[in-house]
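Please read through the structure below; I'll follow up with questions.
Going by the order they are written in, the chains are A, B and C; count residues from 1 in each one.
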């Protein structure tokens, strides 16, 4: 039970700190909105047009990718700035609990950012056939991204070029997640039957499960010297 | 380095070069020309052999990574580093060969065919791995971080392959085109040639691995000597 | 009570082509306050970080309260209090939230009481509701000291603890050391402030180029000038 109380304490601590720096979250959301606007120019995305159906899912996931990357970088640099991660490592707390706590708080935050981005997307582009079915896909995608992202952000933070290193490590590895996420979102846009999505859905679930387990096991080797 | 293991390495080198020569002979003269694609299909022997060595590389990186995390023995890190450098080379060679093959067959240098796409992503994972090695602060950290990322990368490979398939499953045009490219009938001679060229590249991989590890061992010895001198 | 709290035998730490520590051996017993002095880059921080389980030795044996490191680091951690160069505080949490968070991580019963006690001992009880980032460096250092005291560790390790402390706070730190001494804990701290460091310690270790050049019990030097003489001889 201590394990869970530690996880809860880490989530609570992260959310508390994050709520006090609303300016950062606002910047992340602002950034996601700008991405939507840029794509509007790049692809001539008109409100309610056919292009939204085909390009929209990709646009959405690119915005998610960028904002989650900023969120991940922050979630680890908050631990690194004053060396508090070392403070945490000095305690007998299980390293797995630190990992799960960081994944959970990151997941919560990214989800909030994405929810706002999604609402903005709907308002700005008015996709005609967007169904609520995308929500579980986005949640699964965010979970996988947090699972692998917390580990890789911790790796990147230990290098000399942490800001550059995180996307270099994160994006190649998470291509399966993005391709499955975009695929599922597109199918949801086009209201296709679920059987069309089974492969992508299975892939997304597999990605989440595999990397939660693998990263949970490896996290200790990244943070400990 | 003992004399005996030197001798074994030389033997391996000899076996490798022999197999490469045989493989070349078989690829160009022994295997019959393929009916649909003509002569150009022969680069396929080189391409597939490089693919095999490229995959072998990331698997060894991951195994050595696991072993390093369990033992903290520098030797495993040397193997991981060597395997990544050699693996990325084979990976790149495979992509170039694939590209040369694609040009006359598909009329383009590159298509987003699932196999090529997966392999390109594998190349990215290798490059990310090597960039990580180049940018970590100190040796122990380089070893730990790259072990972790090597394991992640290898675990990711099957997912990448699966995703490329699922993804392309929805664009049937490309899929057919690529199926046409791959479903040529393999004659027994072709299968034998393929087996020989793959074995040749796998042996070459191991030969290069041993040499590269040895180079790194020598470098470590020099560092140790410098350390002794500095603290005297 | 007469066991050794810190035992280090032939410790090496290698950074690439350099020994950060070479053949370091030392023992610290309950009730001892030991100062670690030496020029920059002598290995003081490295030694303290290894003892605090934040870094691994390249060779050698060490134990904290008979628990061997780094093999059983997890169980040794409850017995170690460490203050490093950085404050380890979360900027956007208050001092109280910081302390409560770490108390939870040490899995202490009655978190609120522990935080109150520790805060009182460093004299920050009326600044507990301030955000850590709004506190001055000196006050942050005091919160950090409180964090070290939360779980009443048997071994206190401090890296340049006087940094940023004003006169009264530094006196308070001396007092914390003396209380720890009475309670049979072991204190090992590094400092560049020889005058203050030597006044409070029972023993001084001079570290030079990763080796312990001198291990001087209090009786070996009479005055600060006397110590400086020995120190200058080591450095040359």
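Operating definition for what follows: contacts are C-beta pairs under 8 Å (C-beta built on N, C-alpha and C of every residue); 3 or more make two chains touch, one makes a residue touch a chain.
Note that this is a predicted model, so its numbers are computed, not measured.
Peer 1: Quick check of your reading of the touch definition: is the inter-chain graph here a line, ring, star, complete or other?
Peer 2: complete
Peer 1: If you tally the C-beta contacts for B-C and for A-C, which one comes out higher?
Peer 2: When A-C is set beside B-C, the one with more contacts is A-C.
Peer 1: On a CA-centroid basis, which chain has its centre farthest from chain A's?
Peer 2: Following the centroid criterion, the farthest chain would be C.
Peer 1: Centre to centre, by mean C-alpha position, how many angstrom separate chain A and chain B?
Peer 2: Averaging C-alpha atoms per chain gives centres 31 Å apart.
Peer 1: With chain centres taken as the means of their Cα atoms, state the distance from chain B to chain C in Å.
Peer 2: Result: the chain centres lie 49 Å from each other.
Peer 1: Chain A to chain C: how many Å between their CA centres?
Peer 2: A distance of 39 Å separates the two centres.
Peer 1: Where does chain A touch two or more other chains at once, residue-wise?
Peer 2: In chain A, 225 touch at least two other chains.
Peer 1: Residues touching two or more other chains, restricted to chain C: which are they?
Peer 2: 56
Peer 1: Please set out, as single numbers or ranges, the residues of chain B touching at least two other chains.
Peer 2: Chain B, residues with two or more chain partners: 140.
Peer 1: Sort out for me which residues of chain B touch chain C in the complex.
Peer 2: Those residues of chain B that touch chain C are 72, 138-140, 223, 226-227, 230-231.
Peer 1: Can you tell me which positions in chain A touch chain B when the two form their complex?
Peer 2: Touch residues, chain A against chain B: 148, 151-152, 155, 158-161, 165, 168-169, 172-173, 175-176, 179-180, 183, 196, 199-200, 203, 206-207, 210-211, 214-215, 218, 221-222, 225.
Peer 1: Would you pull the chain C residues touching chain A in the complex into a rising list?
Peer 2: Within the complex, chain C contacts chain A at residues 52-56, 74-75, 77-78, 80, 82, 84-93, 97, 101-102, 104-107, 131-132, 147.
Peer 1: Note which residues of chain A are touching chain C in the complex, please.
Peer 2: Touching chain C: residues 2, 5-6, 9, 13, 16-18, 20-21, 78, 81-84, 86-93, 225 of chain A.
Peer 1: Where on chain C is chain B touching in the complex?
Peer 2: Within the complex, chain C touches chain B at residues 14-19, 22, 56, 209-210.
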